[in-house]
Amino acid sequence: MSIDDALLEIKKEPFEDIGYAKVDLHRKIRQGAAEVIYGAGKTPEQMIGIVSTMLKNGQDHILITRLSSEAADMISQVHPLHYHKDARVGIIGEMPKPTGKGKIVVATGGTSDIPVAEEAALTAEIHANEVVRLYDVGVAGLHRLLNHMDEIMSASVIIAIAGMEGALASVIGGLADCPVIAVPTSVGYGASFGGVSALLSMLNSCASGVSVVNIDNGFGAGYLAGMMNHM
Amino acid sequence: MSIDDALLEIKKEPFEDIGYAKVDLHRKIRQGAAEVIYGAGKTPEQMIGIVSTMLKNGQDHILITRLSSEAADMISQVHPLHYHKDARVGIIGEMPKPTGKGKIVVATGGTSDIPVAEEAALTAEIHANEVVRLYDVGVAGLHRLLNHMDEIMSASVIIAIAGMEGALASVIGGLADCPVIAVPTSVGYGASFGGVSALLSMLNSCASGVSVVNIDNGFGAGYLAGMMNHM
Amino acid sequence: MSIDDALLEIKKEPFEDIGYAKVDLHRKIRQGAAEVIYGAGKTPEQMIGIVSTMLKNGQDHILITRLSSEAADMISQVHPLHYHKDARVGIIGEMPKPTGKGKIVVATGGTSDIPVAEEAALTAEIHANEVVRLYDVGVAGLHRLLNHMDEIMSASVIIAIAGMEGALASVIGGLADCPVIAVPTSVGYGASFGGVSALLSMLNSCASGVSVVNIDNGFGAGYLAGMMNHM
Amino acid sequence: MSIDDALLEIKKEPFEDIGYAKVDLHRKIRQGAAEVIYGAGKTPEQMIGIVSTMLKNGQDHILITRLSSEAADMISQVHPLHYHKDARVGIIGEMPKPTGKGKIVVATGGTSDIPVAEEAALTAEIHANEVVRLYDVGVAGLHRLLNHMDEIMSASVIIAIAGMEGALASVIGGLADCPVIAVPTSVGYGASFGGVSALLSMLNSCASGVSVVNIDNGFGAGYLAGMMNHM
Amino acid sequence: MSIDDALLEIKKEPFEDIGYAKVDLHRKIRQGAAEVIYGAGKTPEQMIGIVSTMLKNGQDHILITRLSSEAADMISQVHPLHYHKDARVGIIGEMPKPTGKGKIVVATGGTSDIPVAEEAALTAEIHANEVVRLYDVGVAGLHRLLNHMDEIMSASVIIAIAGMEGALASVIGGLADCPVIAVPTSVGYGASFGGVSALLSMLNSCASGVSVVNIDNGFGAGYLAGMMNHM
Amino acid sequence: MSIDDALLEIKKEPFEDIGYAKVDLHRKIRQGAAEVIYGAGKTPEQMIGIVSTMLKNGQDHILITRLSSEAADMISQVHPLHYHKDARVGIIGEMPKPTGKGKIVVATGGTSDIPVAEEAALTAEIHANEVVRLYDVGVAGLHRLLNHMDEIMSASVIIAIAGMEGALASVIGGLADCPVIAVPTSVGYGASFGGVSALLSMLNSCASGVSVVNIDNGFGAGYLAGMMNHM
Amino acid sequence: MSIDDALLEIKKEPFEDIGYAKVDLHRKIRQGAAEVIYGAGKTPEQMIGIVSTMLKNGQDHILITRLSSEAADMISQVHPLHYHKDARVGIIGEMPKPTGKGKIVVATGGTSDIPVAEEAALTAEIHANEVVRLYDVGVAGLHRLLNHMDEIMSASVIIAIAGMEGALASVIGGLADCPVIAVPTSVGYGASFGGVSALLSMLNSCASGVSVVNIDNGFGAGYLAGMMNHM
Amino acid sequence: MSIDDALLEIKKEPFEDIGYAKVDLHRKIRQGAAEVIYGAGKTPEQMIGIVSTMLKNGQDHILITRLSSEAADMISQVHPLHYHKDARVGIIGEMPKPTGKGKIVVATGGTSDIPVAEEAALTAEIHANEVVRLYDVGVAGLHRLLNHMDEIMSASVIIAIAGMEGALASVIGGLADCPVIAVPTSVGYGASFGGVSALLSMLNSCASGVSVVNIDNGFGAGYLAGMMNHM
């Protein structure tokens, strides 16, 4: 592709300006996947408007993250929304068949990390990936993790989700041969500092093949894992 | 693989205990790639001992990171070491032919980020990847980046390396369709806080498909990029 | 002006002491513009008293920032207040005709930054400036920003407002020839740390001509932009 | 200007790729002013190469900031460099005649802030501005500042430079009618945290018309002040 | 006093153990002043019990700080409490006549700092000091402060209370000849970080004679000022 | 024990997978003590499920920490729960007879630290330890602490619990001959930063024999103290 | 004093402008005491110039703090300087007779705090105060402190100097009846964070009558203690 | 013991005042163990003086930590010192026979943690404990740790030393039945923040029985482990 073509392509990328938002409409074409609305900080009215614009332009798979149940109720009165309460995720459209090359393992340190894990898992699934859930396998009880060595060794990508000390990413990173995406969570108290402790732990992981996304960013991990699983 | 086999495998993973280090010897078998020695905090004598143990066990590709030129001099009197001064990287063994599925782009915001970039590039190359270097394409002069749209659009994986405000990762993440590994660098002054500003900026990236490694961790990015490029 | 005159002038600057506040009354004279009340931490009763003192002294343009809708209701029962809910701004008096030398562009990274942007825009407008609003042009979708190159290239001053990674200021700063006032917002989650990430990113901007105000300080940016636009 | 023209213009902005740097060559055309090299983190050889590229392309005013005296010595053996030791600034080319609309006041809290102040002053001067220096007028001795009320009241722009508690910006901001650019410095000890205390103080300034640049960023303040002084 | 006497004295200091608290009863004897109860984190029942123990032992001046109006209501049903809503302070017993050597000036930067100031002023008053209140004299409007030079020059001790940039302490410290106790407040937003910015500013004050107490610690400042005023 | 046996043992450690949790069932066997459920972040339904699984498997002593009174109400409708409101602790099963070698002293700096102290004390008691409670013995009134020198000198382990400046641990550590477990609490305001000040103070203790657990981690201190008391 | 007189007085306060510094000359008149030069960040040449200006104007007691031995050597070749190596303090002029109302106790937690303590003690002594030194009386060995109860109980003001956990200020504050000035020091390692831990501990002191100055600010404490001792 | 006896005992604890230090002489009596000198921040002359005072009073086992090799050389010219270069520890007197109830395991994550580990091990040994060293068993290569399960399962106390992500403490804490003392080290770079990342990770450990000491505090861990091993 020449530079001129590239610039032209950027300029021509379709979006629709509805005042409070410039709605992207290209993702379907470029990435064959769902459009995403980050729900935090948007009013239900704004989200309804954005969804309407997307549907009008032919986008039939839409993922809304960080969606409160109140806002979900309001949106579902206008659009056919499926709301996952734990994950605080709303989905418009059917879940696609998995097309990736392998399985994505989503593992959590504890029960309290499940909401973030579900955001990751649903994001991966709507981008056509098969997901295996391993919840509550934190390193303080290593036997729980070691009992799932086969899932870990055969994964295409692993998403390791943990709060508190965040050691799960390092231990899994040392055991597995595939990329590990670490997601710190804000689970914890005191010196967990809303996930900072887990974040730092994961950034400092001595295991190779580990990278990190923002605290509680289940979406980002699920999206990236899906991208890798389709390489 | 059964649980018993998995545990057995872990237990049997070969390493040699030389007192100050337990030298891993399995990587060649498991990952078909170079063993890595993290040079910081190790004496030259310790590194010579570790290298000797590796060579004795048949590992013929060794990468030493964070290696001072003084230590490199001492090691090269014992072992055939090729030292890359900018990257502070020492390599034993020939660079392999690229076997990955595409090209890894290593981009930096400025000239001062080159040492970290070279650590990333050399790490990727010794793990059999082709690397394209795009240096000094920071977002304050967007034309420099846009002139390389073709490399960006055709990359398999992109490593975005920047200090100061670290915006390079977000802009590249928005332009590219492939995974972006962001590496904050300690380049900067004042409120850059030794790379923390760039780190936070990258963790908060609004672009999908971006994950982050530790400040100045060129090795980690290069290793992970190579892993993805061989998926 | 001699030193004696200067000191005399400072001493003589008119204010009225109403116990809980010393109400400035000179701004109209010195700066030909609206008096400002920072509403946070003041009771509705206190604000009503301050407004009464200002009106009594002939100040007919008053801007109240960080005003809750409850307080706005109480004030508007006593004084003719126009309340902008999004911006949490109350205004007494008519918007003046623009008298500045050019246009002030107010750009935001996302939809959630609009409240801060509206505080900036209204502040600039009540100080007699023409404002162009460019909302939701974050750098993760560069095409949305590049489609507005003409507004950016022809601006007198640009206010760049963004949370999360705050990269908008650097990219605009690199594209534009005019001063850019960066406003970090507390929009975001996790490692955005209530706007600190965006703040640091903006302070470290590699683009020349960028300066920064406090997190969510739309008023400060709007006021300063107006001052520059009248130089 | 149409979008196509804008994109074309960005793409065509001239730079020369010399491997370790992509040297911008457009500033003379677009801004009628000096090119700037940020010296920190660049080797003398790299800086000589960049200067050579600039001179070859007709840029005859070059400012190098954060330049050590050792590097200055090496550069001056190749190019005609005037080195300002206090400011750690090197200049190639003659200082231009002032063409701005007024005077830029550069004020410091103490003697130790002078290096940053000189970087700001020289940057403003090479961009064709008249500079008035007010050094050691910190707020703990208010009489020293009040004795210079006439310079403050008649300034076009004021750069307020201070470490420690950084109160100078607020006091000047309250006295003056023009924009104030606050520069925190790393001068201080203990809880000054390398300039963070002054930075926070300045960001929280209650005075209107104050904006802030990075710690010790004399260049940024001088450049922005010059830009404002030519509006 | 011999060591034995001192130890004996410490051991014999009277307190009464009521399970959830060990109530000090010596202050009246040793310091001729009111006992103090820090109300935060104590239940109304606990506070009633502590007050009862104090009254029973002859302590007739009691100051309760950080007292919610709900708790005040409950206590006042049992004991004769005078509640100051702004300061969140409850007082049992009459205000004593001032016996200190001079006046204590309590100055605030803004209206929002008044609650902390009132806590300081009431604390000083119940310890028999005369207090002069100077509210809303922040440094962004220096004329308001300079109009009160006579109170400042004739004070025995000054308590300077400010949030945001906290510059008031330095400016007053430079003007006055007496000790200045600086109280940072949590007033502000964004980079004020709940008072940390003001705290750091005050700790770094270049003015001699300034010391600092905890954020919002009006009580500590009022108590210490009273102690100084009785030296 | 051979390595094979050890690995086998880890693998065989009994747990039951109930989806949202993998419930450990081995503690009774290995440690002869209560199972613990960390209540924060778990729904009442999840806790009921975990308790049912434990009871079904013969675990008859269960401790639930960080349990809200609402959740306690719901659980107690299904299982026989004894709820300690202050400590926010729920206990199933009878308190065992003390079997440790000595007494565990639980000391607090103030009244507000009692909830954390009770969590520690109850945890120690359910693990069969005798506990002595010394509440409100902070160092600002040293006589209160010195009056309990005999309890301190005869303790087996001491748990020192304090917020604010956290000096209690150092003073007790200097007086006692036994291990001291320091627990910082989030009691305080301003620069106590939710317990960080106390945490840092305790980590920096100059007294030998002091170690620290997380802020407000009464459970961790009580459990560890019990472990030491049974060595 | 009227406002006009006050302003006039401020304006007329004598200083001499020597370019890099505006030398205050009024302190002798207003405070009957030594002028002070903060040596850090000033060149020996600058300090010689400032001293010359002071001497020329009749100031015969000068204190230079944070003075390196190299700079002291250079100054003493021009002016009669007495250099205290431990305290890094230079003094010109004879120590005056004590004229304060009592004794100032300077206490340190350990041996490593002595340099800061000596800066405080010398500052107090040159301002005509009697000083009692109590070094190495940290709270981890309470007997060392309790053996000096008589000095503590009879002090006019106490300066409590400590690094690490900084508990000394609270314990002394609880024992003494006089104001306590707490000075955190940068002594320590790890989580002492260059004095931050001690600073926070002191700011959070539960003892009444304690205020704090900047980390390592022996001068500030000595100056303020002297001011109090002369009230 | 009565209160009077206790106080008397504290008062009578022997120390010798040598001006710059108050040398404790009681430890031999009270704790049957070595006296300890913290070498950092003390001059060699001061340390020689303290050692002389101790020897003169019959203390024949002395441990000096944080001792530079230069200072060790100077001391060993006066006193019979055995210097351990790696640990930066000097020892006077013979190592005693182990008298504890079991073995103390000292485990490190990597080779670079060995200096801290040796400080811990030597401290434990001079307090009469048997030590087992397990170096370089970090969690990123779990097989290295699992190969030493027998030492871990049979330990009396375990000291887990690690920098970077500090996960070692949690994993060992989950495997072992004995108390685990976690020591974060300053080993690492970037977001390890000089050991803060490891510190936070360890404080947040989900494993029961883990407590933490200061960063790099090998001495503190070794001393406490020895104390536990003699309970």
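To keep things simple, chains are lettered A, B, C, D, E, F, G and H as they appear, and every chain counts its residues starting from 1.
The rule is short, and it goes like this: a residue touches a chain if its C-beta (ideal position, glycine included) is under 8 Å from a C-beta of that chain, and two chains touch if they have at least 3 such contacts.
Keep in mind it's a predicted model, so treat the numbers as computed, not measured.
Visitor: Just grab the chain with the largest centre-to-centre distance to chain H, centres being mean Cα coordinates.
Guide: In terms of C-alpha centroids, the chain at the greatest distance from chain H is C.
Visitor: Farthest chain from chain B, comparing Cα centres?
Guide: E
Visitor: Pick the pair from A-B, D-G or A-H whose contact list overlaps the E-F contact list by over half.
Guide: Of the listed options, the interface copy of E-F is D-G.
Visitor: Let me have the rounded angstrom distance from the C-alpha centre of chain F over to the C-alpha centre of chain H, please.
Guide: About 25 Å separates the centre of chain F from that of chain H.
Visitor: Calculate how many whole Å lie between the centre of chain C and the centre of chain H, each centre taken as the average of the chain's C-alpha atoms.
Guide: 57
Visitor: Taking the mean of the CA coordinates per chain, how far is chain A from chain C in Å?
Guide: Measuring from centre to centre gives 36 Å for this pair.
Visitor: Between chain B and chain F, tell me the centre distance in angstrom, where each centre is the average of that chain's C-alpha atoms.
Guide: Taking the average C-alpha coordinate of chain B and of chain F, the gap between them is 43 Å.
Visitor: Two-or-more-chain contact residues of chain F, please, as numbers and ranges.
Guide: 3, 7, 10-11, 110, 141-142, 146-147, 175, 190-192, 196, 199, 203-204, 208, 214
Visitor: In the complex formed with chain G, which residues of chain D make contact?
Guide: That would be residues 110-112, 114, 135-137, 141-144, 146-147, 187, 189-192 of chain D.
Visitor: Which of the residues in chain A come into contact with chain B in the complex?
Guide: Touch residues, chain A against chain B: 1-3, 6-7, 10, 30-31, 36, 101, 146-147, 149-150, 153-154, 156, 175, 177-179, 181, 199, 203-204, 208-214, 220-221, 223-224, 227-228, 231.
Visitor: Across the complex, what residues on chain H touch chain A?
Guide: That would be residues 109-110, 138-142, 164-167, 170-171, 173-175, 188, 190-193, 196-198, 200-208 of chain H.
Visitor: Which positions of chain C touch chain E when the two form their complex?
Guide: Going through chain C, the ones touching chain E are 10-13, 15, 19-22, 24, 38, 40-42, 46, 66, 184, 186, 194-196, 199, 214-217.
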